[in-house]
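Each of the next two complexes has chain A plus one more chain, namely chain B in the first and chain C in the second.
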Partner chain A sequence: MMQMGKRLFRKSFKRKQKQQEVAEHAENKMEERYGDEGISSNLQENIDFLHEAFGKAPDIIIRQFVIKHREERKAAIVFIDEMVDKDLINRNILRPLMIDSEKVTSTDDLWDLVTERLVSAGETKNVLKKTEILTGVLAGDTVLLIDQYEQGYVVGTKGWATKSISEPRSESVVRGSREGLSETIVLSLAMIRRRVKDPDLRVCTYELGKRTKTCVNLLYMDGLIDPQIVMEVEQRLKRIQIDGVLESGYVEELIQDQTWTPFSQLQNTERPDTVVAHLLEGKVAILIDGSPHALIAPAIFTQFYFSAEDYYERFWIATFLRIVRLISFFMALLLPAFYIALVSFHPEMIPSHLAISMAAGRATVPFSAILEALMMELSVEILREASVRLPGPIGPTIGIVGALVIGDAAVTAGLVSPAMVIVVGLTTISSYANPSYSAAISVRLLRFPFMIAASVLGLYGIMLLFFLLCAHLVQLRSFGVPYMAPYAPFNLTDLKDSLFRASWKYMNMRPVTFKPQDRQRQTLVHKGKDENSHETSGR
Partner chain B sequence: MKPVDDKITSYQTYALFLMTIIGTGVLSMPRRMATHVGTDGIWVIFLSGVVTWIIVYVMTRLCQRFPDQTLVEFTEEICSTRRIRWVGKVGKYVVLLFFAIGWLFVLAMVVRTFGEVIVSTILQRTPIEVIIMSFLLFAVSIAGSKIELIAKFNELLLPLLLIPIFFFIIALFQKGKVINLLPLFQVHWSAVIAAVFDTVTDFVGFHTILVFMAFYQNVDKAVKRHTISLIIVVLNYWLAIVTSYSLFGVDELKHILWPTSETVRPVFVPIQILERLEAGMIVVWMVASFTTMTNILAAFVESAMRTFTIRESNRKWTAIILILPIFFFSMLPENIHQLNRMSTWLGRYTFFVDLLIPFILLMFAIMRRKKGEKQHEQANSM
Partner chain C sequence: MIERGKISALQMAMILHSTIAATALLAMPSVTMKYAHQDMWLSPIWASLGGFLIVWITFQLHKFYPKESFIEYVPRIIGRFLGSIFAFLYLFFYWIILGDIVREYGEFLITNFLAHTPYSVISGSMLLVCAYAVRGGVEVIGRSAQFFVPIVMPLFLIVLLLLIPDLKPQNMLPMFEHGLKPSLIGAIPPLSAFYGEFFLISFLYPYVSDKQNKLRWGIYSVLSVVWTMLLVSFSTLLIFGKVGAHLTYPLIGVARYISLADFLEHLESIVAAIWVLSMFIKMTMIYYALSLGTAQWLKLTDYRPLIFPIGILSLVLSIWTVPNLQVLSQFINSTGTIYFLLMQYLIPLLLLIVAYFRRKQNQKKVAEQA
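== the complex of A and B ==
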């Protein structure tokens, strides 16, 4: 089935490639139309060009003025309203050029004077082509053009209004940093830089999206990561030919290994500390401008069930919570299916007291177990969707109304059995116990095939589907790393951070799964004694 | 990205071997042991273990002589002579025919036994054809993938095999009676031989190593690994036998169809989530039978593909074609009695094929000084 899917996909991929060639033709309009055209020496001509290129957009501001130095020379600056720091423009570009230039008595060429002595900004660039003016302006920089010079001067003035650093909404913790990554890529990058003060942190920049020109950063620790992974990620990023990238999800789907799977093969996170933790394990992180979600690759199955807090709290509780999550994973996946199988095929397996009360509850229910379960699961999904979309304070209300009122009424009306309500409630709660939303979604989806299998072949059907799921998981790979590592292929040393988390004292090595070049995590090799206790007593 | 770590690792070796061998037979084995040798089954199982070990040893040595080659390639190499070309091909086809018949029938018996157990325990009203067909279809979707994936699949499910051991031990402590295990050494040696013959079938599937060993990362330690896994299997079986003997006693045991799963029935577990714990046992046993099925089928598909040089993209279709005769043969016996008789005969057949052919091949290989070349250079450099 999987292979057929792949083949289908390959065919459509070819077709897509063809379409892409056509699209490329149209999309690279800007480059094509203006090509290598140089900047004109006539200022008015350049201004006319800009007006035409932007289609007289109201937010494009072209300020014309005169630089007075030995002789009067016309000049103009171009920028986009609200994308620039206006203070900076007024203070560091306009003021020196319009006012201070008169006082300078140098005999230098005007251009050199302007670039070397007058404009007092940090990030500047000389450009020669018209397209470069456009990209500069679109990126939020200011371009200075002076009459009779066939070049432009791009001054970095990016400064748009941003949201202040906020708490990560989807991955909140009790203990640990409250900072979440920002929508502005430089800010996110700075947050990560602040946490790893190591020059080995490499940042490669890509521009994805033919029209959106979204800035994408690839982060990794040089000399630590397996270079093959970096090469592979780079290759896949370069292959992206889409017109727009608005969220990390675009990139995730475009570079993942397998499309025909409910499991995500890249992890996304809002937490800078999580990003750093993964970088230190020998993975890459991909930051996308405009999205507070960073992507982590390669990602393996287990890491979707780890929370950042697992590493911050003591290892006992971390281990316990991981076991709880494993149970909740199986409950979210199999509980309704088990209920259906037990009720409709194997009632003898239910303890007799429970069976009697369950039968009493089901006596008035007019539907079969599978129909009952599907109805309930579907209504819970609707409730969930409704409470997510509703504005802030109303959301929880819907949950309470839906779950309590409708559930209770349905039971009293004899439409569903009380046991079913418990099963559905437990399932829903279990699926929320998952630290990663993207992993929770896959379980949510897989629950339904299991329910149908249970209604057709009972326990046996559940087992068959379970085998298929295992076989599917085992053949998945994320950037060459087996998805089910360290369980299959089995790796004893990596089990220290799997279902159990060993104390940091004993995790001296980085996980082998990601083949880090530098395996050592800490140099001090503890042999199980509490060295620290002696030290503190001596003090 | 090219996967580099795809060869079968040492842990996967154990997983493959254990999961292949422990299969359908384990449910009925204590009964068959009891009918043949009575209480002496407790030590006779070790005898069948030793006999199996001899065969496994011969096979392992044979495969070690020809690293990275499966049954298909090395039989041709052993049989071929320089003067007459077709001798090697004919030898290959004859040997493979023997194995293919064995495998077809073994798979048919495995799947039929599976169906019978399911029908008699958890799905009483479902027609057996539905169970067998669904079982085969799901097995095909997994067995129609590469051997390396099969190995990982087994690896992932291996921990589930630990569950029955707890059941056995709890049952032993709660209800076991030592008196049921005695007296020993009362049986005639001919009955012992019959019992050994019969129970060697419970180790069915070990001949898959003739194919799987070509994919091992390291064949040098294969003998040790196979021996250890075989010891684990024998101990597991022994535990099952001891538990059912001490719980039921020999005379009652002879009349219980699937004694191994019945052992958990009298067990009382204080936290009673599910009544009738044997369903849990059946679930674990389903895992064991399913992996037996997929592993043998995968080995079968692999050797069929190598024999007829079928393209990799057609692997799934090969598997689908192979299940048709398996389904047919599995429907041949009309009832459990016939099924048991057939599997007894099949056991003898596979026993001789497994014992004689590898032995003869190994003898020939040694006499004619044939040896495979090592192709491990790339594997070591990575």
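== the complex of A and C ==
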């Protein structure tokens, strides 16, 4: 065992060394990729470069027009849809250049004329390099290019819609962004663009639904993601032949690997920051017009139990919360089953004092444990369903009436035992501790088979069903990625972000599970020493 | 190839560890103690040599026929007719083993926990769950093992740690009262019945993806089994002394011993959980080897249609073979020893020798032709 451990350690150490070399090599990626090249004097050449760099993304707008001043000169402005203030562009850039330019009588050079007299915007900058166009556009500015000039003019036009952005309803956090994706796909795209200012963010557009013609965008980081995954997702998206796509759920069910499973193999999220985090881990995101939910693929089991906040809070707290969530997962799944098994099969396993008081509570109950549990669980499910559908203000009332009044009355009437009420209450609360609604639903569903198994075979039945569940989980795959990674198949380095979250200082590598092409997450390989602390310690 | 899945060498080692440690955990101490008395802790170490031998033999055979399982290459070594008969004997052997294990499993649960549940329900439901895992193929078995071993190991260690206050080291004395002979005789049952099961590795070798580490991880798994057996032996010996030989499941008794602050009691259910978890992997592995082997023997393209019939037959066989647990343990310790030694050590060794000489002859022929 010792040897095994040593060997494992040595292996990871070797890998680390190699990674360090890679890190030094990959510094300043953008410069390396697009070079130090200056802006060409040929406008078409510049436009071609932009098309190539952005991978023909649908939200990159290149508006070509003609400036007429003494002679006609071709020009173009480049900006990203929904990241700019279009009014400002129309009024202060396009209008003066296209219309007012004819009226100006001046013998100045056209470039000076444009920059000094025509474009009426406050924040401007002259740029010379091609990479500077990219950074300008990605920051939400507009870049003006004129034929025969080897320079670009960056006009500050940042202005994204903030009014219509609402808070994500299903994934709220204490610390972190309060923005949720929009139902308008272009706006959602702009929100994501705002968070990753990298031209490598590829956006492919699909039109799904023969009648609805819904716009669907596939997002991924080119050069980072495993191309195999992109190919697989693209193929499956192209296979969709349905007449209407109204929500992300349609796409999810049509492209998932396995239909006969209660577990979702694509994650959905309302948070743009979560989408970006997954993109940077080498996954794809699918945006669907008309739905504020983005789909993330491939998804593994553990990521459904991670909240966005896990990465924003300190890692101690994140780890603790993940353990709490694991416990609540098992409680939501097994607690009623355990209650049934203990009461009806293994009363000797309950400590004697508790067993006596529980037996006293159950003395008046006319039902068997399974019937009691099924009744209570079902009524809680009804309550939940009712409170979701009810108009806002009445919801809490129903909750109080249902849970408190009926629950209490049922206990006093001797219909259910007090222990059962506690069990049901705990189960319901624990199932809400799950950050992902779609994963919580599957647990909610699986609880019933476990209860039935417990009523037939006791703890042994629970165990058997648990084996079945594990055997099922390990054979699931999501776009070729094993669902239970990094536990089975096991991966030591990926365990940094599993039940424990290591500090960002130590997570230098992206997870191997998704086979990213670019494994490096941060260049600096920290040694765990705090360099800043030396300066202040002298005081 | 029928099986397209791939497992890692680590997964292979974990499957083997659970497969062998599962039964050894409960049944081994009383058997070794019967012959080796207070020197019984030495027996698993002697016996482990057999484990290393099997891992080595099967690896050499695997090197001759890298893409085939045992059932497939036996006919290639000793001819189609004889080879088919031999392969069938092996399938029959595993059928009996599976039946025995199912029986052992059912009897254990009935005697210790579920006294009123019918035997066929207990074993049948477990076989059904195993059948589902077998359907998923070698990948599912490997990953299940990888999932369960990290749960089992800490539980096992916790149980043993809690025992420390009750240990009586003087139970080991007198050491080597009658020389090394008793411990060597005591090594024979674990050699044949437990370490012999390492022969299952010949069904896994073709599906391991990292080629360089196959043998190494095979040996690691033998080592981890030795380590587990040693811990079990010591805990039984140091608590019960010579009385352990008369207990059917000493480790369960050991766990009942634990009582911490009048709160932590009934830990035998943890031992049972460990055992059932490992038994799941063990039954699935043998069930899988049997199903896959049968399909390979009959030259079918898929082994999945065979899973159900084989499961039902194994359940029936588990009832037919022995009338009760006493007869079963009698069989394992007497006739079974010879049977296991023959099938898992002797025949593979002979096959390896034949394969070696055939390979040499072939090379000569090729050289002559050239």
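Definition applied: the second predicted complex is superposed on the first by the 370 of 539 C-alpha atoms of A that agree within 3 Å, B and C clash if a C-alpha of one lies under 4 Å from a C-alpha of the other, contacts with A are read in each partner's own complex, and residues count from 1 in each chain.
The definition used in the following text is that contacts are C-beta pairs under 8 Å (C-beta built on N, C-alpha and C of every residue); 3 or more make two chains touch, one makes a residue touch a chain.
In this text, all values refer to a predicted model and were calculated from it rather than measured experimentally.
*Asks:* Clash or fit: what happens to chain B and chain C when chain A is overlaid?
*Replies:* On the superposed model, which is not a single observed complex, chain B and chain C clash.
*Asks:* If you stack the two complexes on chain A, which partner ends up touching A:232: first (chain B), second (chain C), both, or neither?
*Replies:* first
*Asks:* Which of the two partners, first being chain B and second being chain C, lies in contact with A:71: first, second, both, or neither?
*Replies:* Once the two structures are laid over each other on A, A:71 reaches no partner at all.
*Asks:* Report for A:480: first if it touches chain B alone, second if chain C alone, otherwise both or neither.
*Replies:* first
*Asks:* Should A:52 be classified as contacting the first partner (chain B), the second (chain C), both, or neither?
*Replies:* In the superposition, A:52 contacts neither chain B nor chain C.
*Asks:* Touching A:470 in the superposition: chain B (first), chain C (second), both, neither?
*Replies:* Touch status of A:470: both partners.
*Asks:* Please determine whether it is chain B or chain C that touches the greater number of chain A residues.
*Replies:* It is B that touches the greater number of chain A residues.
*Asks:* Does the superposition put A:36 against chain B (first), chain C (second), both, or neither?
*Replies:* Neither chain B nor chain C is touched by A:36.
*Asks:* Quick one: classify A:350 as touching chain B (first), chain C (second), both or neither.
*Replies:* Only chain B; A:350 stays clear of chain C.
*Asks:* Just which bits of chain A does chain B share with chain C as contact spots?
*Replies:* Of chain A, residues 1, 3, 348-349, 351, 457-461, 463-464, 467-468, 470-471, 474-475, 482, 484, 487-490 contact chain B in one complex and chain C in the other.
*Asks:* Can you name the residues of chain B that touch chain A in the complex?
*Replies:* Listed in rising order, the residues of chain B that touch chain A are 1-5, 9, 11-12, 15, 118, 122-123, 126, 130-131, 134-135, 138, 141-142, 145, 149, 152-153, 155-157, 272-276, 279, 282-283, 286-287, 290, 313, 316.
*Asks:* Report the residues of chain A in contact with chain C in the complex, numbered from low to high.
*Replies:* Counting only chain A, the residues touching chain C are 1, 3-4, 348-349, 351, 457-461, 463-464, 467-468, 470-472, 474-475, 482, 484, 487-490.
*Asks:* Going by the contact rule set out above, which residues of chain A touch chain B in the complex?
*Replies:* Checking each residue of chain A against chain B gives 1, 3, 228, 232, 345-346, 348-352, 457-461, 463-464, 467-468, 470-471, 473-475, 477, 479-480, 482, 484, 487-490.
*Asks:* Under the stated contact criterion, what part of chain C meets chain A in this complex?
*Replies:* 8, 10-11, 109, 113-114, 117, 121-122, 125-126, 129, 132-133, 136-137, 139-140, 142-144, 146-148, 150, 220, 223-224, 227, 263, 266, 269, 273, 276, 280
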